[in-house]
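Look for subunit A in each of the two complexes below; its partner is subunit B in the first and subunit C in the second.
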Partner chain A sequence: MTKHNFGRLFFTLPYYLWLLLFVIAPLVLIFYQSFLGLDGHLTVQNYLTYARSATYLKMTLNSVWYAFLITAITLMIAYPLAYLIAQLKRRDFWLALMILPTWINLLLKTYAFIGILSQSGPLNALTKALGLGSHQLLFTDAAFVIVAAYIELPFMVLPIYNAIVGIRPSLINASLDLGASRVQTFWRVIFPLTKGGVEAGIQAVFIPALSLFMITRLIGGNRVITLGTAIEEHFLTTQNWGLGSTIGVVLVVAMLIVMLLTDGANAVKKGGKRG
Partner chain B sequence: MKKFFSLGRLFLALVFFLMYLPIFYLIYYSFSSGSRMDGFKHFSLVHYQTLFADTRMISIVLNTLIIALLAALISTIIGTSGALAINRAKRSRRQLLVLNNILMVSPDVIIGASFLIFFTFLGVQLGFWSVLLSHIAFCIPIVVLMVLPQVRTMPRSLTDAAYDLGASRWQAFSQVTIPAIAPGIRAGFFMALTYSLDDFAVTFFVTGNGFSTLAVEIYSRARQGIDLEINALSTVMFLVSLVLVFIYSRFSVKGKGAAVK
Partner chain C sequence: MAILKFAGVKKGFGDTEILKDISFEIEEGKFYTILGPSGSGKTTILRLIAGFDQPDGGAIYFDGKQINDLPANKRQVNTVFQDYALFPNLNVFENVAFGLRLQRMKKRAIQLRAQEALALVHLGGYAHRELDELSGGQQQRVAIARAIANRPKVLLLDEALSALDHKLRKEMQTELRQLQRQLGITFIFVTHDQEEALAMSDQIMIINEGYIEQSGTPVDIYDEPLNHFVADFIGESNIIPATMVKDFVVEINGKQFTCVDAGITPGEAVEVVLRPEDLDITTVESGKLAATVDSQLFRGVDYQIMVHDRDGHEWKINSIHKTTVGKEIGITFDPEDIHVMRKGESQAAFNARLASYQEVDHDQA
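Let's turn to the complex of A and B:
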């Protein structure tokens, strides 16, 4: 008996080691690092610097605001989209077609927008043709929001679609039989039943939207406008890991708030990791 | 009613058009003889010639593939053992699952930054090994999540029958348990492969100076502006992902859990 317990332990040891070394230890270390000053001594200076700096607070608020915008835009497009796909005859095929772009590296998709949004690119050609004139689109905050929404859209569609497909048709039929209009059926039956999917989608979009730094670098004009960019800047450019970790802790707290608000019970995001 | 329906169709068509526009925009200009992503010059394969003659790019592609295959293989082994361990754990199952999912919900910058601190703390040289270890680390939880449902639905009677028939522990494991959960293991392997191939942010943090993967290379070239060699590369990668999707849909479990990345 002891022999087989030993064998079993030997077999599962790598997994527990992974939990210890790559899940728990890094989290503890980033928390610890956030209390280290540039001279390597324990201090709360990083938090003070962060809290006293108007730039950082404004950047944080901006980042949250942009993440909110990106989430709202994707939700407004994704909900009707998921609903319509669910009504199609070959809905699995159309869903797969919706998901396929997520298999293309997001840097390539972001890179495509450097061309699309450029002064002489197709979007400006379109606005010119519509008589709206040409605009500087590239390297603006709006460009960041557009590209991030584009990249995150499938991750909002997927959970909502799953929720809609999961509704038993008999519930909708019962509602219609009992005299509810289509609009009433939607707001009173369908929407409440898909709330879980919407929450999962919000979670899958909002958190990456706070942290995507490569899009802000490539499209947003190389300015620090999200928490993710600020972390990257401090770790890889200014080498101020302490302050970078402090902003990292802020990001983790923001993430936990989002997860609590959207009910952590079905927290496993179906999406992928990016951002 | 009918009018609403056609309005819906229009909306669908528009969204799908916009979804694929950037991708086909990239592919379209990869065939332009010019050097910018506007004003198509004339049809040419010159950027493909540059791409296939670019030895630096080819060695980076090989690096990326080696990392992805090794990370997928190792994380599949560790993740499968993890799924079995979580399934066996009675009281601590919930806590184990929460710990398992931390890396799934954490933003990539946090994973990247914390791994960077971790490797520096241990004195691990940044490069191939730090990238490989990081990829294994963030692939493990997805393998666990793909294998776990299979383990849960596997009837206990299967292994019990094997023991009754005189199988040793190892025989029961390798000839009954593993084949029974094989679809989940395969799905986990493919997901790990795509996670690894797709990753940019974590690699960017832990890669150091000498070593580069495809995503990191694309980033550093894209920061310098338009380079139609990247367009040619994206055409190739688009075709490769089509093949991967095809393989994945052929081998993955039908229905549940097969949610394509």
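Let's turn to the complex of A and C:
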């Protein structure tokens, strides 16, 4: 072995170890576990159980539906927001404000929402003061979706913001110069060039949203049962690690499908800066 | 009739005044160059014409109508951008057809017009290429095709050739000139490259620090620079302080020389310009000045020779004949090679003075 090769191995080894221990090994373990029955023997029973059960099917559809809703709402808020921030004079400051909440612990933020949405919280106090009476806000589907969207928002704003800022100003000028109005410029130039950012944002939000469980419990009050909740139950409550792993594999497959659909690599190439 | 007119236009960004007082008229069907150093305000003028910025004062007229606040997309002007600004998500054809699609033209008509524009820039077979398959020079051509496909009345070119290598730039200069003649529309070309300006333009406007220093044909500007800045900026020059003795006689470094300038108060301190290529090397005896050669630089077309005369003044000489460093030589030049510049003389005053004594000339003749 040459000296050069040795140096290369020395520096790359930690990364390979990391990949092996924290990415490949867990995946292999989950895959292996998913074929283990309750008695510890190899079986496809878990998959059969999953496929035959109407409850799991409904749960899967539920997960996808809520993840879709959360992603759609986040996108609808994040795109105009990212666009607005990109136009501002002190955009770095506003972007930092946007990202700041991600520094706060997720559990803390969730508890804060419990306070805000509760019967005696400020929102209900406001509706009461306006004479609209108090309402059950906590433990509703809407509350779950809103809180999840709030938490995921920065992860959608960032890639879109980066894509918008990456567009050379001369491209906008060129579009106007060729006769496009501001609206036409948006649809013909800005939006196509930020597609890569949108796709990256969808991946960053949809995939975690698919396996949310804490928010479903604390804000959704377990009314919304997603695959994330099911995995948690199987690992912690019913101790059926095999079935839990099977659902885990289903989620991995679902994520792969999303990544293929959004085709991230290609989009990044097309939307990137060009000399 | 003037297609474009600036009347006392001012423009600043924040606290800095970029354009202080710009007035000019642009005629239809000519090739104009706005020439100036970086930061002189030349690109700002282009942005005002295109409509990307609005003037703070003064007025811009297009075809007789004031267009100060007309948005860019409503102007019959198209731009070739310095960085080309081609849309990376579209191929060559779609880039060229961008403006045509916005006009809701028929598919067939778009096809024809885009192909025609591409053919004009010699990219006929490139319609379906992606941009990243093209070289820098080809991308440049696409940018030009896209701008002319819209059939603007005025085409703006912002430092359009500065990203190309020397040889390609020379080729494109010739092609742009041909294209302008072929299309018959007004080109306004912005550059900091004086050689480019001289080679391509019908009219040159020299901008410095927010003012127009001089405007005129390339020959006028080269032969009769109005002031120190223009003389220094355009071409190479020897600029020497001098004193006007009387009409047609100027004193340079204590020696009197015959010149062709008149109408200046005797005794007035002036500057004279002598172009390095107008100075000839001869023997010490037959020279108007005697000098020693300090250095000699071969530049392909000629030699640049630096000399100092017996009073210690430096001279720059461009000659196709070589000489020897350290040799004593004579410098000679003709009266018409001396160009006298008055300090602070405006273009109008200069033209008036020129007219006054050239008439005298005619009377004598």
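The rule is short, and it goes like this: the second predicted complex is superposed on the first by the 237 of 275 C-alpha atoms of A that agree within 3 Å, B and C clash if a C-alpha of one lies under 4 Å from a C-alpha of the other, contacts with A are read in each partner's own complex, and residues count from 1 in each chain.
Throughout what follows, a contact is a pair of C-beta atoms (placed from the backbone, for glycine too) under 8 Å apart; a residue touches a chain by one contact, two chains touch by 3 or more.
Since the structure is predicted, the reported quantities are computational estimates derived from the model, not experimental observations.
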Inset, instruction - Answer with first, second, both or neither: which of subunit B and subunit C does A:Ile231 touch in the superposed model? - result: first
Inset, instruction - Could you look at A:Arg188 and tell me whether it touches subunit B, subunit C, both or neither (first, second, both, neither)? - result: second
Legend entry - Partner chain(s) touched by A:Pro26 [first = subunit B, second = subunit C, both, neither]: first
Inset, instruction - With the two complexes superposed on chain A, say which partner A:Leu171 touches: subunit B (first), subunit C (second), both, or neither. - result: second
Legend entry - subunit B versus subunit C, judged by how many residues of subunit A each one touches: B
Legend entry - Which of subunit B and subunit C A:Phe93 touches, first, second, both or neither: neither
Inset, instruction - Considering only the touch criterion stated at the top, classify A:Trp65 as touching first (subunit B), second (subunit C), both, or neither. - result: neither
Inset, instruction - Could you say whether A:Tyr111 touches subunit B, subunit C, both of them, or neither, answering first, second, both or neither? - result: first
Inset, instruction - Check subunit A for residues that touch subunit B in one structure and subunit C in the other, and list them. - result: 270-271, 274
Legend entry - Residues on subunit A engaged by subunit C in the complex (per definition of touch): 168, 170-171, 173-181, 184, 188-189, 192-193, 270-271, 274
Legend entry - Of all residues in subunit B, those that touch subunit A in their complex: 8-9, 11-12, 15-16, 18-23, 25-26, 29, 36-39, 77-79, 81-82, 84-85, 96, 99-118, 121, 133, 136-138, 140, 145, 169, 194-195, 197-201, 204-205, 214-215, 218-219, 222-223, 225-226, 230, 233-234, 237-238, 241-242, 244-245, 249, 259-261
Legend entry - Complex contacts: residues of subunit A adjacent to subunit B: 4, 7, 11-12, 14-16, 18-19, 21-27, 29-30, 33, 77, 80-81, 84-85, 87-88, 94, 96-116, 118, 120-122, 150, 153-154, 158, 162, 203, 207-208, 210-211, 213-214, 217-218, 227-228, 231-232, 235-236, 241, 244-245, 248, 251-252, 255, 259, 267-275
Legend entry - subunit A contact footprint on subunit C (complex, rising order): 50-52, 71-73, 77-79, 81-83, 85-89, 98-99, 102-103, 131-132, 146-147, 150
